[in-house]
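We just call them A, B, C, D and E in the order they show up, numbering each chain from 1.
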Amino acid sequence: MDLASIGGFVLGMGLILWGILFGGNALVLYWDAPSLVIVVGGSFAGMLAMSPISRITALGKLFGVFFNMQVFNKEEIISQLVAFSESARKEGLLSLDDALNDVEDDFLRGGMRLVVDGSDPDVIKSVLYSDLDKIESRHQKGIDFFGNWGTLGPAFGMIGTLIGLIGMMANLEDISSVGKNMGVALITTFYGSILANLFLIPIQKKLEDKHQDEMLVKEIMVEGILSIQAGDNPRILEQKLYTFLAPDERPAGGGGEE
Amino acid sequence: MDLASIGGFVLGMGLILWGILFGGNALVLYWDAPSLVIVVGGSFAGMLAMSPISRITALGKLFGVFFNMQVFNKEEIISQLVAFSESARKEGLLSLDDALNDVEDDFLRGGMRLVVDGSDPDVIKSVLYSDLDKIESRHQKGIDFFGNWGTLGPAFGMIGTLIGLIGMMANLEDISSVGKNMGVALITTFYGSILANLFLIPIQKKLEDKHQDEMLVKEIMVEGILSIQAGDNPRILEQKLYTFLAPDERPAGGGGEE
Amino acid sequence: MDLASIGGFVLGMGLILWGILFGGNALVLYWDAPSLVIVVGGSFAGMLAMSPISRITALGKLFGVFFNMQVFNKEEIISQLVAFSESARKEGLLSLDDALNDVEDDFLRGGMRLVVDGSDPDVIKSVLYSDLDKIESRHQKGIDFFGNWGTLGPAFGMIGTLIGLIGMMANLEDISSVGKNMGVALITTFYGSILANLFLIPIQKKLEDKHQDEMLVKEIMVEGILSIQAGDNPRILEQKLYTFLAPDERPAGGGGEE
Amino acid sequence: MDLASIGGFVLGMGLILWGILFGGNALVLYWDAPSLVIVVGGSFAGMLAMSPISRITALGKLFGVFFNMQVFNKEEIISQLVAFSESARKEGLLSLDDALNDVEDDFLRGGMRLVVDGSDPDVIKSVLYSDLDKIESRHQKGIDFFGNWGTLGPAFGMIGTLIGLIGMMANLEDISSVGKNMGVALITTFYGSILANLFLIPIQKKLEDKHQDEMLVKEIMVEGILSIQAGDNPRILEQKLYTFLAPDERPAGGGGEE
Amino acid sequence: MDLASIGGFVLGMGLILWGILFGGNALVLYWDAPSLVIVVGGSFAGMLAMSPISRITALGKLFGVFFNMQVFNKEEIISQLVAFSESARKEGLLSLDDALNDVEDDFLRGGMRLVVDGSDPDVIKSVLYSDLDKIESRHQKGIDFFGNWGTLGPAFGMIGTLIGLIGMMANLEDISSVGKNMGVALITTFYGSILANLFLIPIQKKLEDKHQDEMLVKEIMVEGILSIQAGDNPRILEQKLYTFLAPDERPAGGGGEE
């Protein structure tokens, strides 16, 4: 589980609840199930209308990515690529054949397989970059899903508030009910704002961040695969790949600074 | 019919109606024909003022695209291109002449025709990319139409509300009418918000999505046509084209992962 | 006259007037000359402050472009270019000398003149692309003028409303005047909103659309001029140029589909 | 002095004053020195916090650029470049040595000096483009300064209004003071809106416009300097440079149209 | 300490306090600890949910960068690079070996080390540009952190205000408490607005500015390192590097003007 995100959600909701109680208000004033249904359901209905079915069914997977604590161990991937490079120089590309079966990452294994199979360098390059490109655009659609939802959330919050206000205006004479109706009307805006700012926008931004991290790892792999194919010096490969990491992620004094 | 979009519209409208009734308000309070005319008609008038006639008359076609359930069968297109590639390698380009008549897609048939007719590779490339480019910009105008409409919708909602408010302010003394007038004034904002967030923006986003899907298919075709023209190995062509698909759309263990 | 735009303006204003009258309000409530002066004049003052004099004096020309119904007949231009190409192949470039005097379009005539005069191909290319580039940036400034004005319109609407509100707040005791003053205050926002959403933004978008259409025509001309200079086959030139048109604008089964 | 901008400011302020007086309100209601201090001072404090000292001290220079009426005489610059080109062809590059001392523009003189000194063409190109690039980014920071200020202005207007509203809410019982306090509260929003929409945003846009005009002139110079270095034909140089001008700025029938 | 930023914060807060006191309001009306906790804590919870842990723990470092007065002495760096260039031309690249230990900047030292070690020019170029690229994207994430926070601040300000309003609406009968509750409700919006406009957005913009300044310095270094590797003339190198500075930062009459 991604503890920072869980922590952020819990802290945010906790502060909101604390703010309500500390202000001396009853918690029940802030609970209105129909409002929740209109905001969450209505904005989701908009997403349903704008998305292909396949994106809706893939939502579970996206939440999985979001909550996944797993971080790519870039140093290990670099070590592995350097090791491949060394054994390719010493014993030839075919010597990598067995080692590939132990590679967990599909992208790396697939790319290395092309090298070992002796594919044309141009084909390898074109296949890898085309693959990167398509991964980028698939990920972007998942990220945009939450971005768009984060826009629809407050919009349906306002739609709910208008429902309440229009109803209230018809009963203005009954002054005693105005405050209560108005309060209920504001709850959908309240829910829409929390939905977007505490949940949907952070999910969007975090998915984007994880996407960029994954793309960086994939770029390291592409650089490594093409270097191995070209028979570059393993030391130079290592030096090149370490520039992909932040200075404090590098094992020893690298060539750059923050 | 595109069931997800229909489902989204129905679910969204249903939730709004349910929210109204559940809140104990009469549905009739939320119905005001002149408001609907001002919001839908006024924003459409703005679209009329900003668009060439041809785009207005093409609106029906755009709605058709939106509701069209038809999805490109990318795997089938790839198989077809690979089959063309094989028969071109074995029996020469001219052997494709008959098969082309069965190709449904105009873009693919036109491009293959150029190859079979022995056009210069540079000409083929330039014709295909120029075609892609123009398709892109034509589609973009249709997508932007709904995006712009989605901006004008709430704007005319506010114009309608201002009409109501200004009228109401002139009759403030008659307290009993204030609430009712105010309610009617808010209805245009309500309609404008629903029009944009439940209908126009989702239509815009879905058209954009379908556009990107179609462009991906067209890129597969271009890649395939140019490879056949160049006489590339059918196996390598197949491998290249499969990188255009998401991993779970590929028939067997491809070279990438999500 | 561009009937769609005129129609849009008339329809939009008509619907607003109808909405006012249908709601049972006197039209006179919505007319306030000073408000109109503040919104239109104030936002124009902002445009004056941000624009070079030359752009202000060119406004009439921009309105002319906006209302101009004239559409480029792309098919005719293509035919002309193909005819030039044929006669250049058969009778040499110099044979075009006389025909050029009948070419109405300055850009096409100027570019063909360079070809006929035997200028260096690189010079021709550089002159034509530099010209296109400058036309693009000049047009963009006209388009941005209306875009910026469309932003200032509602801003000065709000400034006018604040003038009204501040004045009203000083006389709150006189309850009978509050409603009337408030109504007047809202009128500037009303005018600013109509000015931007029914007039300025549609003008901006339509100028942009016409600009793109003109650039497409100019790109056709550049492609044609360079092909004629290079002595390309007229059939291939025709095929290339038709990809610039939408499928339904093409005379017979072209190579692409929508 | 740039009369259009001065005229815009005067017209805008005049219309606002006229709107106030015409509405029958006392001008004194709209004057509140502390509000002015909060809006202008507060937004400037934000700019101080976000800018390096050097940008603050360069503000005077930016205002100077803004009010500077001086327009580049592009035709004269082109004539000069063509004259240089002719004399370089006839009498050699060294013949330009004396003429350079009369060139007022530092950029042009510096670039021509490199040519006369016989620097390597690649070095000249790299020095000129690097210079252009840095000028662009330095100008952009000045332009952004006013853009950011234009955003902070209304924000501090709202902060001032909130100060007023919070104070007023504590004294709601004293109904007679509510209107007055509310009026004062609205004044900061009023000032913030005028500051941004009549002054800061127009200054930003005008600086951007002048920047683009200057860059165009510098591009003409670069094109000219490189052509002279390469020994191009002066006639062709003239033709190329005139495409940088709008058709109506060109002396005789050029190769393009608006 | 960066005095301009400190000065901006102090001036801004001072003006706000002065505005409060000058308006005759008690300072205590504007202090509400729970509101501060909701705005700062809630928006920080959102940032926690959207950021990887590593970015949160690096916040202290970012604040350090923000307050750091240290400015890169570009002229000194250029002198150093020119001195390296001269001694490399006279005594060979190896002569730089000792001098490198005195270079403080990691990026410069690492890059020069590659040159002295005789690495392949293409490798050096690729390592340096890859390093620049990664530094750029790491910095951008820090800058975006404050940008995103600046958006969440006012959003949580509004959430806090809604908490207050909903609570108030339930007690509308008690008129005497309405004003006070309303005032407290507005305080969160007040805090959110100050947090974003006086602190977070200026911090974001200043970090961006410092980032650009650092990248400029790094570009000077890359240009210098590659020139030294290529054995370019030190005079030409100096001339090239000075174009990276603004005219008034250059020691003597350089080749450009502002």
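Going forward, contacts are C-beta pairs under 8 Å (C-beta built on N, C-alpha and C of every residue); 3 or more make two chains touch, one makes a residue touch a chain.
In UniProt terms the chains read A, B, C, D, E = Motility protein A.
If you're wondering where the values come from, they're calculated on a predicted model, not measured in any experiment.
Both chain B and chain D are touched by C. Chain B maps onto chain C through a rotation of 70°, based on Cα atoms and reported in steps of 5.
With centres defined as mean CA coordinates, chain E is found 25 Å away from chain A.
Chain A and chain D have centres, each the mean of its CA atoms, that are 40 Å apart. Residue positions of chain C in touch with at least two other chains are not found. Here the chains link up into one ring; start at chain B, go to chain C, and the full order comes out as B, C, D, E, A.
Partner chain D is touched in their complex by these residues of chain E: 3-5, 7-9, 11-12, 15-16, 18-20, 22-26, 29-30, 71, 176, 178-180, 182-183, 186-187, 189-190, 193-194, 196-199, 201-206, 209, 212-213, 236, 239-240, 243-247, 253-258.
In the complex of the two chains, the chain C residues touching chain D come out as 34-35, 37-38, 41-42, 44-53, 56, 105-107, 110-111, 113-114, 119-120, 123, 126-128, 130-131, 134-135, 137-138, 141, 148, 152, 155-156, 158-160, 162-173, 184.
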